[in-house]
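Just below sit the structures, each encoded as structure tokens.
Same chain, two partners: chain A is paired with chain B first, then with chain C.
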Partner chain A sequence: MEALINYDSKSKNLSISSELESELPHLKLEIDQLNTLTHEIIANGADVPPVPTPETFNKDISKMVRKLYEGGVQAFRLGKFEESVKQFNIAIEMITRRAKFDSFQGTIQELSLLLMSRADAYLKTKEYLKAYNDADLLLGMMMNTPENFLRRGVANYFLGNYEAARADYQRGLSFEEDHDRLNAELTICLDKILEENGDYL
Partner chain B sequence: MAEETAIPEPEIIKISVFTPLIYVGVVLSVFVAFSIIYRRRRLNTLRQTEPLFKENYNAILYQNLKEQYHNQNIPKDQRPHEKVLKAALLRRAVEAIRRSMKLKECESIFNKLYQNGLIGDEIFKQYEIQLKFQELELKEIVQECESYKKGWVQTFFPVAQEICFNEALRRRLKAMEGREEALAELWQCFVEKTEPAKPKTKKTSPAPAVVNEKETTGENKASVEDTKEEVEEDEESDEEANNETQKTSTGQNKKKKKGKGKKK
Partner chain C sequence: MASSEYNYDESGETWPFFVLAILSVILIPLSIKYIYRIRDSSNPVIENQKIKGAITEDATSIGVANADSIKHFKRKQKSDKIFNKTLVFLILGWLAVLYVGKYVTKDADTSVLFDPYAILDVSFSSTESEIKSHYRKLSLKYHPDKLPRDLTQEAKDKMEQEYIKLTSAYKALTDQTMRENYLRYGHPDGEQPTTHGIALPQFLVEGKYSSIVIVGYFLLIGVLLPYVVGKWWNNVKSHTRKGLRVETAAQFTRKLTDKDPGKVVTPHDILDWVLESQEIKKSFPNLSVGEIKNLVELHLNRDFSNTAVENDKVELVAKLPFLISGLVDIAVVFRVHDVILAAEDLKKCIVQAVPINGRYQELLQLPFVDRETVINQPIKKLGKLLTLSQDEAKKVLGIKDDAQVKRALEVASHIPTLRILEAEFKLPGEEVIPPQSSVHLSVKFLVKSPRIKSCPEIDDKRLKDEETLDYLKNPLIVNDQQPQLPFSYTPFFPISFRNGWDVMLINQKDNKLVEDSTVYSLENIDLSDLEISQESWKEGKDVVIGTFKIPLPQPTGAIGTHSYRVIMKNNAYFGADVDVPAYLEVEHAPIKAELSSVKKKLLDDSDESDSDSDISDPEEDSLAGALAALRGDVKNKSNKIQELNDDDSDNESVFTDINTDTEDEAD
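Showing the complex of A and B:
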């Protein structure tokens, strides 16, 4: 395998033969990741990558992300939900293009905000699967937020997964017992479950 | 009587000076042979044990690049740049951190399963070997790191950890793309119910109990302070709209069955 890994001194990229690429897709992935990291380190200019702190966080990207987010919120406000989804998508794409050694905490804060907004926009455009996906990822990142349970619950409800929706609402309520919206949605969901079971009076 | 009491002289066996030396030599050679065979067998069993993780391509890549870097036969301009090596070492450390964290996560599970007899000695040994191997891998990375720049270790591992977390997050985001289709297939019947019925739902089915901007703003408070005010303005207009939709749709159910669901 050693002889099959090529190094291009001009671009400073590593590559493997196309045969090996198809044979070992994981190796190809690792090489791509390594090339990305190399370019990021070179672009950084420092001898070694700096320690990630809020000060070293790339603020230019943050500004662009903020602008896109604001654009998305504006579009949402005007009822242009597809447009707002597009804006949030671009912003998320920008976040994924940050340097790998950028502060994780800063990245996750930006991302969670955008995912929340995008999940809401998806719910408005009735793309419930996508909304479910976003809400699910959000719950993976911050479990103790009742609003995220509400998002996933609503998506589940409209996907016809009423039991899952009920579980989501109840879990959300375990974090905030008096959450009006969760309580209201839970009542609706329980009614729906009764209706589905033929117990509706 | 005198004849009876005569003690026979003990027969002295004459042995060579080399005899004890030969004895010690034989014992030692047997011991050495045993040790070599025992070690070889142990090494073979270690080699035969199946690793818990897949092949570590990052470590292989780093070794390969390092060999190229120190190879005098390759012209200097064709040898890998030092930053490529540093990046490769960082990625090797990222993989080591990821594996160590996975092993640490599973530690209590392995112990519990082994204590309850749910996994055999072989698997537990496999786990222990992997644990030891990861320790050695980390030690080697520290040594390698010091060879590039003295004192880099202090900042090396925090950076590697951050890369590890960022990559994990990106992996999850990437996984979301395909997941949507998989979920659609899994819940096909439900998707068929909701998706094509889009235009109908507006008229007949309950209006979407979409999370209004109130919730969005609620979370914005925690994360981005600046946008808080803006979205709060939206809140009022959107809340009205949502309340109306709820009244018209899901509210119908409520009127009939308010509180009934809760009892259950």
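Showing the complex of A and C:
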């Protein structure tokens, strides 16, 4: 397939016609990504972006994220779950605003920690679909800890997907056989499945 | 003395046999194939009546609104199967065989062949004296002087010929030179003239018909042969081995290659992919993609208001499962089980004509149900439905007529669900599984009707396979030793097919299909337990234990526990799927006492390897560490996170604690 891609030398942006945008959302996404990267390089001033090492990692943002994270945890402990969700949201937003050429190793660690916490906060505020999305993202990033399976499983359970919840718990248990929480939740879930089916043991 | 010449088959001795041989080579396999194909299309209702536990309702008995279109489609399929070009060819071919066999063949003249043993009527191993005595006896019968007088001249000549033959046969076996001749040339008089026959009557080759033969040869070699080969090659080039068009296969492959890992593939996506295929476009050139999709929607919603499109709709729907299976075959190569599961769900929605969305498919697949009523009440599962009284069930399903409720519940209680007793990896003849052995997964189950509750205690001894020699050679034969499943109850779907389960083996570590594995089909199960009473089920003495085995495609890996997940998707019924974990424990084989020295050595080895693995634990920062993290080497990773964020690890545990409270509140 052929598509006409325009280049605007002033704004240094690539673009396609709006018809094509709706027709080819993939292409649109890729062009947007490319534009963002281009602007980052230009803003950076140097010919090539700095090598992403832990040393060049932007520590100032880390500090802010950290503060927000701690605030969120504090709110969580006090039972103000909406407040803690808000804090985590801002922190995650901040992480996504990081320079794109920052060391991803650092970013992903911050992000995964925040996603875990936010998933927990969402579970508390009963926004199970959002909790599911966060846990799913974590598992999609191969953070295969039993806790993440627990998070997605619990979200699935409350969304009514009992079979999916059971599968999550069981996969979590395959990474840590004696995880007490997972085993307990699995029992609850199996009982629920039996109850739904009007069955008993 | 030796001369050779070409003879045309003037008297028609050979060519009829030649024709018969050629015809039978073509006709016999073709006929067998044809008969098998017709037998395959036996009536599902009659077949199912023979199988205990099968559902015998179909489109006609349920009174499906588009039953006429379905019948029309089935009739067309059937007549296509019986009255086709093959049948014409078979009839003409067998008529030709009959004609040639009856009227044209003549007894071949075997006078040229000379077999002294046959003439003398003695066996190969006879001694010379035996030969002599036989010769004496026969010569008395044929000697010209001993013939009765009242014979005609003709008969006399014949007898004389016989006598000459007899004498030369005798000489061939007794006289030295003649015997030599016989052994060397096959005749006591020395070399005989050789003749090569052409299995064509002379009038075709010489004279006025010769041009026809030349044209015939030309047509055969110049036109027919290239045409047949070309057609075959074209077919090979444009279709995959499974019969999918190459363009469609390429399109599916592209979709799977470009799959966004962050996006979940739903049955809706699969439907879109399938409807874009060349097969659909070529079959319905007049319809746009939107219109085609609309037809599918009408089918899924069981909307029969527009009678004008019924025939198109039935034809379209009939094509879809084949295409979806084609997609599954390709997804197997990519090892993406989420796509396969979505595809299987879509296939099921299509054969049962129930909507893709929502959670009421289990009830909606039953006959006579009222959709609106069903989706506005809380009960979703067949098992729950069957705990209700008939009046309550009537309300749940929205059926007015008592007889119909009964039939609907009857269908519900005959949908087979599997109660898994055991899913273990086994090595025939061994108690433990050592590394590098080829094992199979053995799933033991009971067939359970949704109306049956609880589960009987089954003694472990009953779960053991009988270790016959055949079993030890190939444990998978157990799969074929059970009766075939009946045809599925799918009144809204125009093609009848056997019920079955598609089984997948998933590796829990990387959450993908096990490498080199495929989607296995479970086709043989004894369903008689569907009719069992609750009491005898609970007692468990008479229940039939089913078995399904699939080979693990790779030899077992290192020592330790490997976890797998077994998913079994029924190909027709909702509520009959199974999803269980299975653990493969690889250990050292137990070593006998007399081999203690070897044992010691082995133990040393294992110790060494342990310490090795300690040393070579990949560091987080290294490439190997990153790879290990990708592979899901979790422990390592999570430990690192905790180390890096010392105080956070506390918070982590706080979260999980609070989480527990949530649970308790909610329950």
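A few remarks follow.
Everything that follows uses one rule, which is that the second predicted complex is superposed on the first by the 151 of 201 C-alpha atoms of A that agree within 3 Å, B and C clash if a C-alpha of one lies under 4 Å from a C-alpha of the other, contacts with A are read in each partner's own complex, and residues count from 1 in each chain.
Assume a contact is a pair of C-beta atoms (placed from the backbone, for glycine too) under 8 Å apart; a residue touches a chain by one contact, two chains touch by 3 or more.
If you're wondering where the values come from, they're calculated on a predicted model, not measured in any experiment.
When the two structures are aligned on the shared chain, A:Gly140 is found in touch with chain B and with chain C.
Of the two partner chains placed around the shared chain by superposition, neither chain B nor chain C is touched by A:Lys67. Within the superposed three-chain model, A:Thr96 lies in touch with chain B and out of touch with chain C [touch as defined at top].
Of the two partner chains placed by the overlay, only chain C lies in contact with A:Gln170; chain B stays clear of it. Once the two complexes are overlaid on the shared chain, A:Val48 sits against chain B while remaining clear of chain C. Of the two partner chains placed by the overlay, only chain C lies in contact with A:Glu196; chain B stays clear of it. Contacts of A:Lys59 after superposition: neither chain B nor chain C is touched. The larger set of touched chain A residues comes from B, when the choice is between chain B and chain C. In the superposition on chain A, the residues of chain A contacted by chain B and by chain C overlap at 26, 73, 76-77, 109, 112-113, 116-117, 120, 123-124, 137, 140, 145, 147, 150, 154, 158, 160, 181, 185, 188, 200-201. The touching residues of chain C, when paired with chain A in their complex, are 258, 261-262, 359, 380-387, 450, 453-455, 508-509, 511, 561, 563, 565, 579, 581, 583, 629-632, 634-635, 637-638, 641, 644-645, 648, 651-652, 654-656, 658-660, 662-663, 666-667. Contact residues on chain A toward chain B in their complex (touch as defined above): 1-2, 5, 7, 9, 12, 14, 24, 26-27, 30-31, 33-34, 37-38, 41-42, 47-52, 66, 69-70, 73, 76-77, 92, 96, 98, 100-104, 107-113, 116-117, 119-120, 123-124, 126, 128-130, 132-134, 137, 140, 145, 147, 150-151, 154, 157-161, 181, 184-195, 200-201. Contact residues of chain B toward chain A in the complex are 54, 57-58, 60-61, 64-65, 67-68, 77-81, 83-84, 86-88, 90-91, 148-149, 152, 155-156, 158-159, 162-163, 165-167, 169-170, 172-173, 176, 179-180, 183-184, 187, 189-191, 193-194, 198, 201, 206, 208-216, 218-220, 223-224, 226-227, 230-231, 233-234, 237-238, 246, 250, 253-254, 256-262, 264.
Of all residues in chain A, only 26, 73, 76-77, 109, 112-113, 116-117, 120, 123-124, 137, 140, 142-147, 150, 154, 158, 160, 163, 166-167, 170-171, 173-175, 177, 181, 185, 188, 196-201 touch chain C in the complex they form.
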